[in-house]
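Two complexes follow with chain A in common, the first pairing it with chain B and the second with chain C.
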Partner chain A sequence: MATAMKKRWSRVLALLLIPGSLAYAASVAPVWAGHYTGWFTGYAMGNRYGGAGVEIRQGHFANHYYAWCPNDPAAWWTWGTRIDTDSPIKQHNQSGGDVYYSTFYLEDVGDPSCSMGNYWVDIYFGRWENRPSSDPNYCYCSGVTSPGFCYAASANSCSDAINFGRQWRGYTGP
Partner chain B sequence: MPNRWLLYDSGCAVCAALAQEVETLSGGRLGVRSLRDPGVRALLTRARPGWRWEPMLVEMEGERVRVFAGLAMRWRLVQLLGPVRALRAAQAVARHGGPLRGVDWGRRRFLNIAFVFAVILLLFRIQSARINTNSLNLSGNDIAGIPEVRQALTLKEVYRLLLQYAGRLSEMPTVTGLQSIDLPGDTADAGLDGRRRGWIGTLQTDREQITVRVEDGYVREALSQPLSEPLPSLPELVIDSPQALRQAQSAYPDLKPSSDLKGQGLHYFLGTTESGESVVGILGIRGKQRSRILVNSQSGRVVAAQTYTWAGEGGILYSTDGGRTWFASDLRGRMVKAIAISPGNPDVAYAVAPDPGGIVVYRTRNGGANWEEWGRLPPEAGDWPFDAVVVGNKEGRETLLVGTWTGVWQSRDGRSWSPVNGELSGPVQWLVGLESQSGERLFISVTAGEDRGLYAGTEDGRWTRIARGVYRLSPSVDGRSIIAVDEETPGQALLLQERKVQAIKVPASLLEAAGDFARDAAWLVRSPSGGVGLFRNDTDDVQWTLPGPIASVAVSPAYPTERVALAGGFRGGIFRTTDGGKHWERVLAWPSALIPGSDEIYEIVFLSPEKVLAIQGGRMTWQQR
Partner chain C sequence: MKREAIIGLAGIILLVAGLCACGTRSPAPPSTPTQQAIAPESSHAPTLTPPAVRASLAHTETPSVHLMPTETPDWRSLLPPTSEPAPTPEKIWPVYPPPTPEPGQVLGGGTVQDGPFNFTLWVVKDPSFGHNPVAPSLYSDVEGRAVYMSWVYNGEEPLAGPVFEYWGLPLPRRDSLPVAEYARIERGWGGGHSVGVHCSPDLFPAPCSTAPIKAGLILITPVGSYGACIRFTLTPDLADIDPASIAVGYLPCKDPNPAR
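The block that comes next holds the complex of A and B.
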């Protein structure tokens, strides 16, 4: 009797799990059209407002602009497009602690010469500046308007962007 | 107590039987109604425009209507029924035979409802930030007992929707960002009434930042991320987007919706100025330039009007010793896109740059130190030059050709310009002239539109398609061959010569090549993956010798003997080799020390073995106008 009950419960559980898991996956998983690979670079500080017109912050990224790089399919993505990286990217918060981002929203444009190849992603690392405001390099970072807009912190976002360098990464997107 | 209905497909006998059983099991907590009922469909059309044929749960309380679907519906059902009843519902599904053969997928979805009830019990510990529910407070005429709802929301409506959503969270967050976005189907007239269908909002608690996506009046997605950069809370606006738009258009009547495919129509955002003033931003165009008007969100005062334009940075660097040392030319503060050299005079070159009024061409006659305006392309040419080349004819007359969004434009004197497109349309992103015995032959790459492809032709505008697709062109140092890299098929390229087109293999991520392609077995190649390397086309081996982000590469005209080459970094300076690319030395660490700019060296061009030009990139920024 007990064995029969166990079998019955196992059957019910299996029936519950298989289609339920599929339904869960279908409903929870984002509706992505594709997986892409491309070069990731980083930038920091610089302009307060990006190409989309809103304030740029950690969790945002730039890519090509279709008017400059019509050859890049990703250059046609609209502002606010969400991408999810295959693995998280480490950044820092104001006190220098590690924070990891794997979702980014498109809010800026760059690389007008289209030199970084298709599906290029430029990750924004933030505005943290750990140098005193009297430092001649305060809020300076190569590749962006300098001096830019930054906040006093224990971390330095420009160093984070430089140390990130250039990485070949996979991500999901539209 | 709200009225709750589970909507089911009455065209499916099993679904109907199952729905009745679930209703009984609910103990009065839940009723069932058919999706085929016109009243139900009318309700859904108003409360959830674009609804799909799937099981849904509707709750009505006063004027408030909530529609749950997908995971949110399952969650809600478990909350309403409790775990015991949910499990019994699952058993009922099992009795009805589970997933049925011969039942269409839509009907299977109905049958799967009960299965997933209990699965939710297992999954409810998973912190899914995704919510798929309509929680908009509805108002307006009630035609059939169902309140009216609009697809597109104003800034204030979406702000309140975010607050409603925030009320469900354990820790009450504040709104720190809100902007409208394009949704599929939006056109250039979207936002003219101060409303948009798509929005992204940012909520912030002490520990996390939640990005909420709103589509057609309901919260489609909410994603939690760690809080790194605390942003100031944006107070609820007094001035809503339609009113802010009227204020902006009153002050700036030339504000128009944009046809920019990154964001069409008029867009809205809630943000702060650099002085911390809370503003409603309206994004559109003024003239041909992307613009934003900022209106104080509390008083309605117009605070600023800005355009997105080149920041007055960038320009041309020059060297007179083969790239060892670099100087700033007097062409600075301009975003220069491409350089074309005169084949007949090593002191003459042309630089093309975007300009608010179109495209401007500068010319140097002393090897790059000094530049003067040589001409302006007509407005029909657009405002973005992709590439430029100078070609000579048999009589020695030179013509400058510029590739733009509207094709190829040519001029001999900078004053009169004519298109040489023939029947072609689309952006000419790369443009190279090839010296041949019969005169100059042109190769162009059209990278978007119906005519996308690689073409060969002459100045008279007759083009022959060589290949379909997107090709990036690199000229050989002797001007007698071209490498055309197929950007859509990694590792494939074409070697173009006067009367020969040869398919070749190249490194998979190659974008650009430099060297003597027809006669030398080893070329310099540039790839975003490897940097710059030496590629042996006879063995297909590549050795990456300058790793790092590199934006451009060029070899000296004396390359076959002297092996001097230069590489322009992507925010990394300028590099030089004297041994054909085996070893590199950084000769300029920070181009911005000479000319402020992006430190992205778009192009390097040798006028002679000694005279070299490099483009220091420019940047865009929002400027008051």
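The block that comes next holds the complex of A and C.
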């Protein structure tokens, strides 16, 4: 009777200790686990809110969505995932001044055809518009919803995004 | 028995601690309920189904949260100050030129050497570039055509930065943005990028003509500036690049030399 009781206790303890230890180990493991290289592109303007439901702004990025590109490991990262680029990316602020970003948060999706390959990163350059609202290209940026949502500014985020081109870059992520 | 009870208690504590820690591990920033309710759609792929499932992975607020205002701190305050340069990453990773296009994709161009650098500039066929690309930075005034630019450092000694990489003409313009900045480069390292064919340096989209189109790549280093230029013209119907017109040379792109 006592032996059976002990065995039962051992099973209970094992059931508690194993998942408990695993969960604790996972929680204290480093968050930054990998360094990746892939194509970087840029976008601007567009809809006000991104796939995560927050207003897209400088410091955000998009990547593949796992339902569209299940073979891209980065497509499975959750909203808000942080990445740090190997070198900073320069952008313009609303006044036209220089701003540098090397930390970006995942808040949007794109490239449903998965043409940009694994670990693709699409950097958001902002929604600054320096053209008058009467301009036919006001708040326009090829490749996103146009006219999009934008703010009057001394800079033009769409030009910045277009000039960024497509780059092969490295970054640290989950 | 007493020892087993202690071990069991420890297991429970570990389980609870682990689960609590896991719950806060995701760096997903909190978003306001209003924003989620208004537009759970992509700003980037507006014609496609919103990725609701992915959103559900990170946003786990209970329905009651949506009914009341919150005073959740704005997560954006966690972003680096925008008026100061970003801190240099602790580790400097090597950089390499972008993957080269397939030989059949190259319409023309070549490689020139300037100082310790080799610059390769090509006009290429690339279906990613065009009038309605997946990202604005893939915009091209000529459908399916792009300019590939890359550089490789051949110096014997590592070159301490900062090294700024610019593209465009004239270079650098007052409002030019460097496409990249490097803290240090070593022999064999390189970089580069592809850009669309831009008929005007400032206007997108731009009306095209048969006037020469120029694009340049320049590296501004602590010991000097180095670069190369490519120029070409469109075909008379303005629908493609005239391969015979493509020439690569040195900056400032006034009198291009043939590619070496």
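In the analysis below, the second predicted complex is superposed on the first by the 143 of 174 C-alpha atoms of A that agree within 3 Å, B and C clash if a C-alpha of one lies under 4 Å from a C-alpha of the other, contacts with A are read in each partner's own complex, and residues count from 1 in each chain.
Simple rule for what comes next: a residue touches a chain if its C-beta (ideal position, glycine included) is under 8 Å from a C-beta of that chain, and two chains touch if they have at least 3 such contacts.
All of these numbers come straight from a predicted model, not from anything done at the bench.
Novice: Could you check whether chain B and chain C clash or fit when both are placed on chain A?
Specialist: clash
Novice: Using the superposition described at the top, determine whether chain B or chain C touches more residues of chain A.
Specialist: The partner that reaches more residues of chain A in the superposed model: C.
Novice: Applying the touch criterion given at the start, work out whether A:126 contacts chain B, chain C, both or neither, answering first, second, both or neither.
Specialist: first
Novice: Using the superposition on chain A described above, determine whether A:166 touches chain B (first), chain C (second), both, or neither.
Specialist: In the superposition, A:166 touches chain B and chain C alike.
Novice: By the touch definition at the top of the document, which applies to A:105: first (chain B), second (chain C), both, or neither?
Specialist: both
Novice: Considering only touches as defined above, state whether A:118 meets chain B (first), chain C (second), both or neither.
Specialist: first
Novice: Which partner chains sit in contact with A:48 here, chain B, chain C, both or neither? Use first/second/both/neither.
Specialist: A:48: touches chain B and chain C.
Novice: Of the partners chain B and chain C, which touch A:93 in the superposed model: first, second, both, neither?
Specialist: A:93 sits against chain B and chain C alike.
Novice: For A:56 in the superposed arrangement: first (chain B), second (chain C), both or neither?
Specialist: second
Novice: Out of 59-67, 113-121 or 221-229, where does chain C run into chain B after the fit?
Specialist: Superposition on chain A puts chain B right on top of 59-67.
Novice: Same chain A residues contacting chain B and chain C, which ones?
Specialist: The overlap between the chain B and chain C interfaces on chain A comprises residues 12, 16-17, 19-21, 23-24, 27-28, 39, 41, 47-49, 51-55, 57-59, 65-68, 78-80, 82, 91-93, 99-101, 103, 105, 109-113, 115-116, 142-145, 165-166, 168.
Novice: Under the definition above, what is the set of chain B residues touching chain A in their complex?
Specialist: 70-71, 74, 90-91, 93-94, 98-99, 109, 112, 115-116, 118-120, 122-123, 128, 130, 132, 177, 179, 181-182, 198, 200, 209, 211, 213, 221, 223, 225-231, 260-263, 267, 269, 271-272, 274, 281, 283, 290, 292, 308, 311, 313, 335, 337, 384, 405, 427, 429, 447-448, 470, 472, 487, 509, 511, 527-529, 548-552, 570-572, 590, 592, 596, 598-600, 602-603, 615, 617-622
Novice: Touching chain B in the complex: which residues of chain A?
Specialist: It is residues 11-12, 15-17, 19-21, 23-24, 27-28, 30, 38-39, 41, 47-49, 51-55, 57-59, 65-71, 76-80, 82, 91-94, 99-101, 103, 105, 109-118, 120, 126-127, 142-146, 149, 151, 165-166, 168 of chain A that touch chain B.
Novice: Along chain C, where are the residues that touch chain A in the complex?
Specialist: Listed in rising order, the residues of chain C that touch chain A are 1, 4, 7-8, 10-22, 25-29, 31-32, 35-36, 38-46, 48, 50-51, 53-55, 57-59, 75-76, 79-80, 82-87, 89, 92-93, 95-99, 128, 131-139, 146, 167-168, 175-183, 191-196, 198, 202, 204-205.
Novice: Within their complex, state which residues of chain A touch chain C.
Specialist: Chain A reaches chain C through residues 6, 9-10, 12-13, 16-17, 19-28, 31, 35, 39, 41-59, 62, 65-68, 78-82, 84, 86-88, 90-93, 96-103, 105, 108-113, 115-116, 122, 141-145, 148, 158-170, 172.
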